[in-house]
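Encoded as structure tokens, here's the structure I'll be asking about.
The chains carry the letters A, B and C, assigned in the order they are written, with residues numbered from 1 in each.
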Amino acid sequence: MSDASLSALAAQLAAKQVSSRELTQQYLDRITALNPVLNAFITVDADKTLTEAAAADALIAKGKAGPLTGVPIAHKDIFCTDGWLTTCGSKMLHNFIAPYDAHVIQRFKAAGMPSLGKTNMDEFAMGSSNETSYFGAVKNPWNTAYVPGGSSGGAAACVAARMAPAATGTDTGGSIRQPAALCGITGLKPTYGLVSRFGMIAFASSLDQAGPMAPSAEDCALLLNVMTGFDPNDSTSLEREKEDYARDLDKPLTGLRVGLPREFFAEGLNNEVATAVEAAVTELKKLGATTVEISLANSKLAIPVYYVLAPAEASSNLSRFDGVRYGYRAPEYANLDDMYCKTRAQGFGAEVKRRILIGAYVLSHGYYDAYYLQAQKIRRLIANDFTEAFKTCDVILGPTAPGTAFKLGEKSDNPVEMYLNDLYTIPANLAGLPGMSLPCGFDSQGLPIGLQLVGNYFSEAKMLNVAHQYQCVTDWHARAPEGLK
Amino acid sequence: MKWETVIGLEVHTQLATQSKIFSGSSTAFGASPNTQASAVDIALPGVLPVLNKGAVECAIKFALAIGATLNRINVFDRKNYFYPDLPKGYQISQLAKPIVEGGALKILVDGEERIINLTRAHLEEDAGKSLHENFQGVTGIDLNRAGTPLLEIVSEPEMRSSAEAVAYARALHTLVTWIGICDGNMQEGSFRVDANVSVRPVGQAEFGTRREIKNLNSFRFLQQAIDYEVRWQIETLEDGGRIEQATVLFDPDTGETRMMRSKEDAHDYRYFPDPDLLPVKLDEDWIESVRAALPELPAAMQLRFQNDFGVSAYDAGLLTGSRALAEYFEAAARACGQGKLVANWVMGELSATLNKAELDIMQSPVSSRQLGALVARIQDGTLSGKLAKQVFEGLWEGAGEVDAIIEARGLKQMSDSGELEKIIDEVLAANQKSVEEIRSGKEKAFNALIGQVMKASKGKANPAQVNDLLKAKLQ
Amino acid sequence: MSLSPDDVKRIARLARIEIDDSQALASQSQLNSIFDLIATMQAVDTQGIAPMAHAQEVYQRLRADSVTETDHHAAFQAIAPAVENGLYLVPKVIE
């Protein structure tokens, strides 16, 4: 059961070999067994989950099932879920029972997919190791002394540990792809605007995008079919024809032009990662692809640009957490101003406060042009590099992260070193392009290595095709950590 | 030293839309607290704004009405500050690329026309309300108003007296209600004025340091607040003090302005383009269709009233004080073809009676058609001015139509000269002394005789006819 | 470019985050290492480059002006720290 693909699970449900309640209960049991070790979930509510599973069974019985009806899924705790605790990994929202459903949640509910619970994450999605969560760090299922990556670390860990067949994530600077890489699963960040942000607690609005996380590219394609679509409640949601992201999965890769950005294979890249990624390139060539060297010269500026733009937007987005209408309020204060200052000092963790301060500073009087405006201009230069590159290639390939998972606590005192983890993932967010990570090997310590694909706008089906064809001839994605009880 | 006052106004007009600027909540006034505050309005985590087309259309109307530039691409920014009536911790407004720039408004002060230029007008969201009453040591927050669309209209600092500021504010009030983008209800806060006031020695080119008087919600308070502020600033300067830039509130009870304590620390609003909203594009077809649907504007109507009906520029200004008044006047004038006479009646008897009854023109018991009919009966000689007032009273009381009231109350002016001659003969016979005085040259006695005749006719005689007949008989 | 502890306190004040002297000092060095990283973009010549605020070159969609929301204040206020008579309560606001 636990290694079955989403389409296989759906087939078993449709054939009534298993009910959604039975299937969901099996995952809940595994969560009960493993969560004390991995801390991948913040909230599990078996009663609610099983009620949803029963409703899915009723749909199946009535013949009204969709492609994934009855298959359970875990949701990142950044999505508001009606009646569920929705914390965003923060003390600020430790008591926030969301009174409405995010658009993404609505879509999975409409598809009849029961929610297994809310997954752990870096506080307000700010982090690359899942160590900034108020609810404690998540452990990497491949080695529990290591981080799972972040910010969708709970989602990646629970899929890797087969506590859920799939999970939702969000990606502002790599928060789907980097934990997918570090946990050995597949994750996709769609083109900005394909998935509604309504109800997804905002980190950096112009970069945030939700996407699927699952063992395989095929699973991700099916999940993407559920998640994407126009939402009138999100002004940045794009009005496009609905497409089937699984339509090209089986296409041969003959003639595929793979772009290899010089800058992604330069200094700073771990040797074992480089070797694994190069081996994957060889596999793709065997499948008929050709390679072309490209340059993303401005991508070296992606981190400084990102650490201006994302904190600027975040500092403003997080101003609503003031202790007035919901969430945490400091127990003692002298007056209104003191209530604000204490509530926010106590309710936010160190990394969130650090980014709020950076954001407030770069937007403040006298610094706006030098920081914020300059960063927005370089953002365009970075996007322009991609436009040029896609004139000569169909998909860009490189490592997802410079290394494999690192030890818990290893980088938590050094923010800059932590930030460098997102070196290869951030450029796609800045340009608004789709990016995905898929497993392509293991290092000498048995930790997974991730391969990143970046596609042109709206080329998700093409990327999924490439990833699926690769996964048809490799089994990295099918491997699960052993020894977990 | 002689001082010159410099005033610029920032007016917040609540736009007359059904729903809020970024959510589908109702904007209706007076609902129970927070019952019109949606997830978006209370800024729940994860919610997003979607712009109301109606609010944008209001701004387009305004730009076209004042001859301003409409920025075909305009952008919403976030203005960041903490306040409990501001749920997101930022206000969505427009800083760098507002929807409207420039434009001008004509005002009339002491019979003189002046043009006041506008700097800009931008769309933004209103804040909620803080209620201090009924609570000990705490404030209650009602977010029903949060997200109500506002057009903030900013003038150039071109006004030089409180009278000019009031005239400008009134002209603006007339215009925004005229084109239907604001209900103009100042008690409910639909039209709120901030006045930037400074003084400088006459002849000095630079402006003095200004202080901003916040949230004036009547024209009277606007006048009083500016007058107080100007006196205070001049006194302060003449006493050797200096003016610090500040935000002040006007207290109508004391008639004084005082510093706002909450706004002490220097603001750094950290404006930046709102990433949740995309640039707004105004296409030409839309602008043209809004233009085509605009009503005739006050300035154009004033000219037309002067040309078509021969009323003075001053009267035309008064008659276009509101769209309802102008429409009333024009309908009555068209009904009888006597614009000048109708103008006198509208601004005289009708206005006075409405004021006394505390009614506005739209509530007038006398319709424009009835007033036109009344003036027609004056024109054709059926009624004297005095009789017409009696008919007007009948109309006001709802006693029926003009001719029916004349008939029922016997108010027709005497037109039979035989009957009138008989009355004159009787009056002359009874006032031989006056007759002799007149013949010896005492003009005063002649007027007394006219009065006698009018009285004897119970006011129904035509005064001009009496005059002619009397003169003839006394020769 | 480096921030002083006073700069840190000033921006903490803007962001309404209570911070004491020792915290300001500790934050200062970490923030400065981040600003050193950020500073690398200052050398780039961006003259004539239009700032990029959004990932897609699209314009704002407009909503029809109609009331679509209903009253949910009871549910919304069930999760509020302090309410009375339908109002959110905060320490006294001084104008």
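Everything below uses one rule, namely that a contact is a pair of C-beta atoms (placed from the backbone, for glycine too) under 8 Å apart; a residue touches a chain by one contact, two chains touch by 3 or more.
From a predicted model like this one, the values you see are computed outputs, not experimental measurements.
Enquirer: Please indicate the chain closest to the centre of the assembly, with centres calculated from CA atoms only.
Expert: Most central by this criterion: C.
Enquirer: Looking at A-C and B-C, which one has the bigger number of contacting C-beta pairs?
Expert: Spelling it out, more C-beta pairs touch across A-C than across the other pair.
Enquirer: Report, in whole Å, the distance between the mean C-alpha point of chain A and the mean C-alpha point of chain B.
Expert: A distance of 57 Å separates the two centres.
Enquirer: Between chain A and chain C, tell me the centre distance in angstrom, where each centre is the average of that chain's C-alpha atoms.
Expert: Those two chain centres are 23 Å apart.
Enquirer: Could you work out how far the Cα centre of chain B sits from that of chain C, in whole Å?
Expert: Here the centre of chain C sits 41 Å away from the centre of chain B.
Enquirer: Which residues belonging to chain C are in contact with no fewer than two other chains?
Expert: In chain C, the residues touching two or more other chains are 14, 16, 53-54, 58, 60-61, 63, 72, 76, 82, 88, 90-94.
Enquirer: For chain B, give me the residues that contact two or more of the other chains.
Expert: If we look for residues of chain B contacting two or more partner chains, we find 39, 42, 44, 50-51, 82, 84, 139, 141, 268, 270, 275, 277-278.
Enquirer: Mark out which residues of chain A touch at least two other chains, giving numbers and ranges.
Expert: 96, 99, 206, 232, 235-236, 315, 319, 322, 324-326, 336, 340, 360, 364, in rising order.
Enquirer: List the residues on chain C that touch chain B in their complex, please.
Expert: These residues of chain C touch chain B: 13-14, 16, 53-54, 58-69, 71-73, 76-77, 82, 84-95.
Enquirer: State the interface residues of chain C toward chain A in the complex, per the touch definition above.
Expert: Going through chain C, the ones touching chain A are 3, 7-8, 11-12, 14-19, 27, 30-31, 33-42, 44, 46, 49-56, 58, 60-61, 63, 72, 75-76, 78-82, 88, 90-94.
Enquirer: In their complex, what parts of chain A are in touch with chain C?
Expert: 95-97, 99, 191-193, 206-207, 232, 235-236, 238-239, 298, 301, 303-305, 307-308, 315, 319, 322-327, 329, 333, 335-342, 344-345, 348, 353-354, 356-358, 360-362, 364, 370-371, 373-381, 383, 415-416, 419, 431-432, 457
Enquirer: With touch defined as at the start, can you tell me which chain B residues reach chain C in the complex?
Expert: Its residues touching chain C are 17-19, 23-26, 32-39, 42, 44, 50-56, 73, 82-84, 130-132, 135, 137-143, 249, 260-262, 265, 268, 270, 273, 275, 277-281.
Enquirer: Please name which positions on chain A make contact with chain B in the complex.
Expert: Within the complex, chain A touches chain B at residues 79-80, 86, 88, 93, 96, 98-100, 102, 197-202, 204-206, 232-236, 312-313, 315-316, 318-322, 324-326, 336, 340, 360, 363-365, 368, 372.
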